[in-house]
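Alright, structures below, take your time with them.
Below are two complexes that have chain A in common, paired first with chain B and then with chain C.
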Partner chain A sequence: MEDNNILEVHNLKISLPVREKRVMFIRGVDLSLPKGKILALVGESGSGKTLTARSLMSLLPKAARIESGEILLKSKTGDEPGTDLAKLSHARIVNTVNARRIGMVFQDPLTTLNPTMTVGKQLAEGYKVHEHRFAGEAKKRALELLASVGLPEPERCFKQYPHELSGGMRQRVIIAIALSLNPDILICDEPTTSLDVTIQARILELLKKLQAERQLSVLYITHDLGVVAEIADIIYVMYAGRIVEEGSRSDILYHPAHPYTWGLLSSVPDMSFKEERLISIPGTPPDLSSGLRGDPFAPRNAWALPEDFEEEPPMFRLSSTHAVRSRLYDGAHTPPPLPENLARRIGNRSSAAEKEERHD
Partner chain B sequence: MTETPLLTVSNLKQYYGTGKKRVRAVEDVSFTICPEETFALVGESGSGKTTVGRTIIRILPPKGGKILFGGKDISGKLSGEERKELSRKLQMIFQDPMSSLNPSEKAGDIIARGLDIHRLYSSRTERREKVLSIMKEVGLPEEAFDRYPSQFSGGQRQRIAIARALIMNPELLIADEPVSALDVSVRAQIINLLKELQRKRHIAMLFIAHDLALVRQISDRVGVMHEGKLIETGTAEKIFGHPSQPYTKKLLDSVPVLYPEDTGSSGTGEV
Partner chain C sequence: MWSRFKRSRGAMAGLFCIALLSLFALIGPALSPYTYDEVSLSSQYLPPGAPSEEYPGHLHFWGTDELGRDLWTRVWMGTRISLYVALLSVLIDLTIGILYGVTAGYYGGAVDLILQRILEVIQGIPTIVIVTLLMLVLKPGLVSITVALVFAGWINLSLLVRAQVLKLKETEYVLASKTLGASDLSIIIRDILPNAAGQIVIMAMMSVPGAIFLEAYLSFLGLGIPDPMASLGSLINSGFKSMLLYPWLVLIPVIIFVLLVVSFNLAADGLRDALDVTLGTSEDR
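So, the complex of A and B:
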């Protein structure tokens, strides 16, 4: 394991049964989460981002199977070699890794919480089960935590049931529960998708604040590139069970290289300018159960090369932080320029900023 | 503007529940939509925007106020004949195409439903031809006619819902969050389709959504709803460029943007 990484995933493959045969839904994922950074894993539904995240906590569906690969988690002290979570039993992960090392926040705050238990009880439970603390001390810790996630009246919230809270407050409670045992890693799976934009903005702010205060490493899963732009340090783009591009925030947003990334960025509507036509990616994602040949994105890719239909391209490195799964960058081809509308939006950035200054 | 509005909503009121438990969902909402125009209602969940749409199409009877559609008052009690007439000119598409389509009916029959009710064909062949031509227009292949909703992707299901609405040649289409259940890349396809169809068929549209960036792309005028009230209306340029209400500003500032400098405003201001 590299020194500054807290988690590394190598060549992870996960299969699920479909009509009596096993289909590979995660087809070799490599991922490195550096300590204290927010890594966004971006993809459309069915790309495998949630399955990848769940495998880290042994929360895969029963029928799923890890076929190969390593999930290396650095020890708390950092001096031993990483533990391979893919080799640990489910019970071992649940008892020693989950909550203590990795906390998770799910999409729907109403189904995550137990509707028959008060917030306080649910929060204190973690302390009692994992740390064998007495009720009094557990309560004190729980109240501190509720205050730290920005709930205005912790005492009152402690006694309330989930249905008495708004969606935003519920998500704060879940974040508090996920952080209760001081994990090093927080996995967030679309935590703001079911929330209103004004609430979403505040939850994102809270996550950034907690991440900085606690030196958390965050794996943030989403399909919303606007949210990614707001929160991520590092971005991985996933398509049909594999990473197709990875890089720093500025690599991916300002120097995107993969045609799929271009399509994703272009299909995010612009707030300041009305386009004649929105750019969309033609077609739909492939059905992995019907078998793949070559690059799964090739049929939707205007820049696909003949060999892409035969064999999936490997990753090509563009810089120490930026890599892309596309033969356009193999050195033998000349990469095409950015699509016009995207180049305009990225270019506008500097001119708009200049104009703003002159106005002031 | 000298054009006569196609739809005039004045002081619309809607409540849920009765007596002490009565909740005001919509309070004194007034706006107009001209022919061929797209008017968007935006707001957060619970703001009443969906209730407005449902009241106009008379899924809910209005509890107060007036709705004029094509010069006719449609806010009172409607006879069966009037309802039928209204359903030809006013159509709606919903957020979740999985639950708005009958799972046991073939796509072709779902689309032909309006034709069946209004007997708008003289033979089976004519019925099939009308359905196939609208399917082509919304980008569905001919084979889709005999397939069931579960055999389609989310985007294609929404195309079926759009075809079902358009086959009646409506004058006004109400679209309630038509793309929010779809993936980003598919969203753009459906929005482009709606824009194109609207231009070609000269339909007016009431577009109900919470996604402000999408609203920017599709609407001519925008109304902002907050707690049951319409707090601001204006052209899309005005609402997005120079909002006058603090709530509208807050809403716009909360939208995460890809390229922050795009907006020309400071963006990350305190909420």
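So, the complex of A and C:
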């Protein structure tokens, strides 16, 4: 386990039963989350992002099984070697890891809070104290926490029920609950997807602020590349249960290498190109239950090589931070240039970014 | 919660009626010199308010029946039985029904499969058969009604609870509680049951009239409360035979019966609204 990584996932495989057959939905994921960084896990629906994240907290569906792999979590002080969460019992993870080491923020703030309990009671649940003892020091800390996530009147909010709060405020409460036991890792499962854009920007700001203040390591799951550009230090692109490209923010956003990443980037609506037709990736994600042969992306890939249909390519390193699962980069082939419209967009974006930097 | 309950007039009226009926069920028989089984062949079918022959200065408040028994005493004795049956059925619903439903719904899988099959077997046997068989070992009376209710009275509620739990355990707030390391018991008590409470309360209260009817039906068949003991059901049944000539014999027990059922339903409605925090808050109502 490398020194600055707080969490490492090695060759994780998870299967679920589909029509009496066990189907591998996570087919060997490798992931390392460096301490104090924001890692974005990007992919289409069904690519296995959420399943991967839930496996870290032993929240997999009952029928799911971790087939192989290890999930190494370094101790808070960092002096011991990592514990393998894949080998710990469910009860052990629930009692020692969840909330204390890893906090989680969910997608839909409307449904994540229990509608029958006041915000204060739910925070008390986070602090694992009984409500009637939830006074004095603990309550003071809870109110501070509510204030630190940007809720204007913590005292008032404390007594309110979830339906009396707006979506953005609810998401702030959820973040506060997730942070109540001071975890050092925060998993965000599309926390801004169901919020409107202006609130979304504020929540992202808040997450960035909290991350910096508390030195959190964040695993941010999303399909929204706009959000990724906003927040991520490191980006992993996931497709059909495997990582297809990993790299730093600039690697992925300005020098994408995998044709799938190209497709994802081109399908983001861009306001600076009005007349342009929005490009989507042809075809649909593969049905993993019908058995795979070769690279699952090959049928949708205009740059697929004949051997891709036979065998899945391994990861090829492009730089110390950048790696891609595509034979185009195996040295024997000449990598194709970026698709024209994507190159134009990236050029446009990087010049805009430069301009902004000059302004600063 | 009590302040929310108080705000509903219907619920308060229901609660008041239940309290009043319970009070009279307790003290009513004592207000008349007659016992429920005192026969007087010289004072058959006396109308309400008729003076008493045996006890000068006393009245038959609600008249007498075909054997000259005092209806007032008999109705309140019958209300006792009906209230007992009502409370028993709620109690059974809230204990066996909830436990059974939560266990089946929350743990699912093989546990659910086995519990549901057992339930289907119980449901498949008609209550009347069970009670008839019980007559082999028991005398007809309260015990047989109690056994019948304990045996099958909780089935509908447990099915409802199971369905609610199946739905609620997939909600994100349950998942969120799990990320906070909450135990199964705390998830059931804090997240699942409060969110199903409205439905549970309504269902439990709806079973009250059913249970009272069951008692009346068993009494009618001679499997329930035996004569001369009275229940509202058996009073209505016997009064019904002479309804056109002596209408008070059926009207009075029917009115009490309707009051009882309606006030239970009103109170249940209020309780459900009081439990639902999303229906307005302490500040805006």
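We take it that the second predicted complex is superposed on the first by the 338 of 360 C-alpha atoms of A that agree within 3 Å, B and C clash if a C-alpha of one lies under 4 Å from a C-alpha of the other, contacts with A are read in each partner's own complex, and residues count from 1 in each chain.
We adopt the following convention: a contact is a pair of C-beta atoms (placed from the backbone, for glycine too) under 8 Å apart; a residue touches a chain by one contact, two chains touch by 3 or more.
These numbers come from a predicted model, not from an experiment.
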| item | value |
| --- | --- |
| Clash or fit (per the criteria above) of chain B with chain C on chain A | fit |
| Touched partner set for A:Arg19, first chain B, second chain C, both or neither | neither |
| Which superposed partner A:Pro269 touches (first chain B, second chain C, both, neither) | first |
| Spatial angle chain C-chain A-chain B, Cα centroids [nearest 10 degrees] | 70 |
| Larger contact residue set on chain A - chain B or chain C | B |
| Which of chain B and chain C A:Thr111 touches, first, second, both or neither | second |
| First, second, both or neither for A:Val197, with chain B first and chain C second | first |
| Superposition-derived minimum Cα distance between chain C and chain B (Å) | 13 |
| Shared chain A surface residues [contacts with chain B and with chain C] | none |
| Parts of chain A lying in touch with chain C, wherever the complex brings them together | 57, 59, 62, 94-95, 98-100, 102-104, 106-108, 111-117, 125-126, 128, 160-161, 163-164, 174, 177-178, 180-181 |
| For the chain A and chain B complex, residues of the former touching the latter | 44-45, 196-198, 200-202, 204-205, 223-227, 229-230, 253, 263-265, 267-275, 277-282, 284, 345-346, 348-350, 352-353, 355-356 |
| Of chain B, residues touching chain A in the complex | 44-45, 153, 155, 183-189, 191-192, 195, 210-214, 216-217, 236, 240, 250-264, 271 |
| Of chain C, residues touching chain A in the complex | 108-109, 171-173, 175-182, 186, 190-191, 194-195, 197, 275, 277-278, 281 |
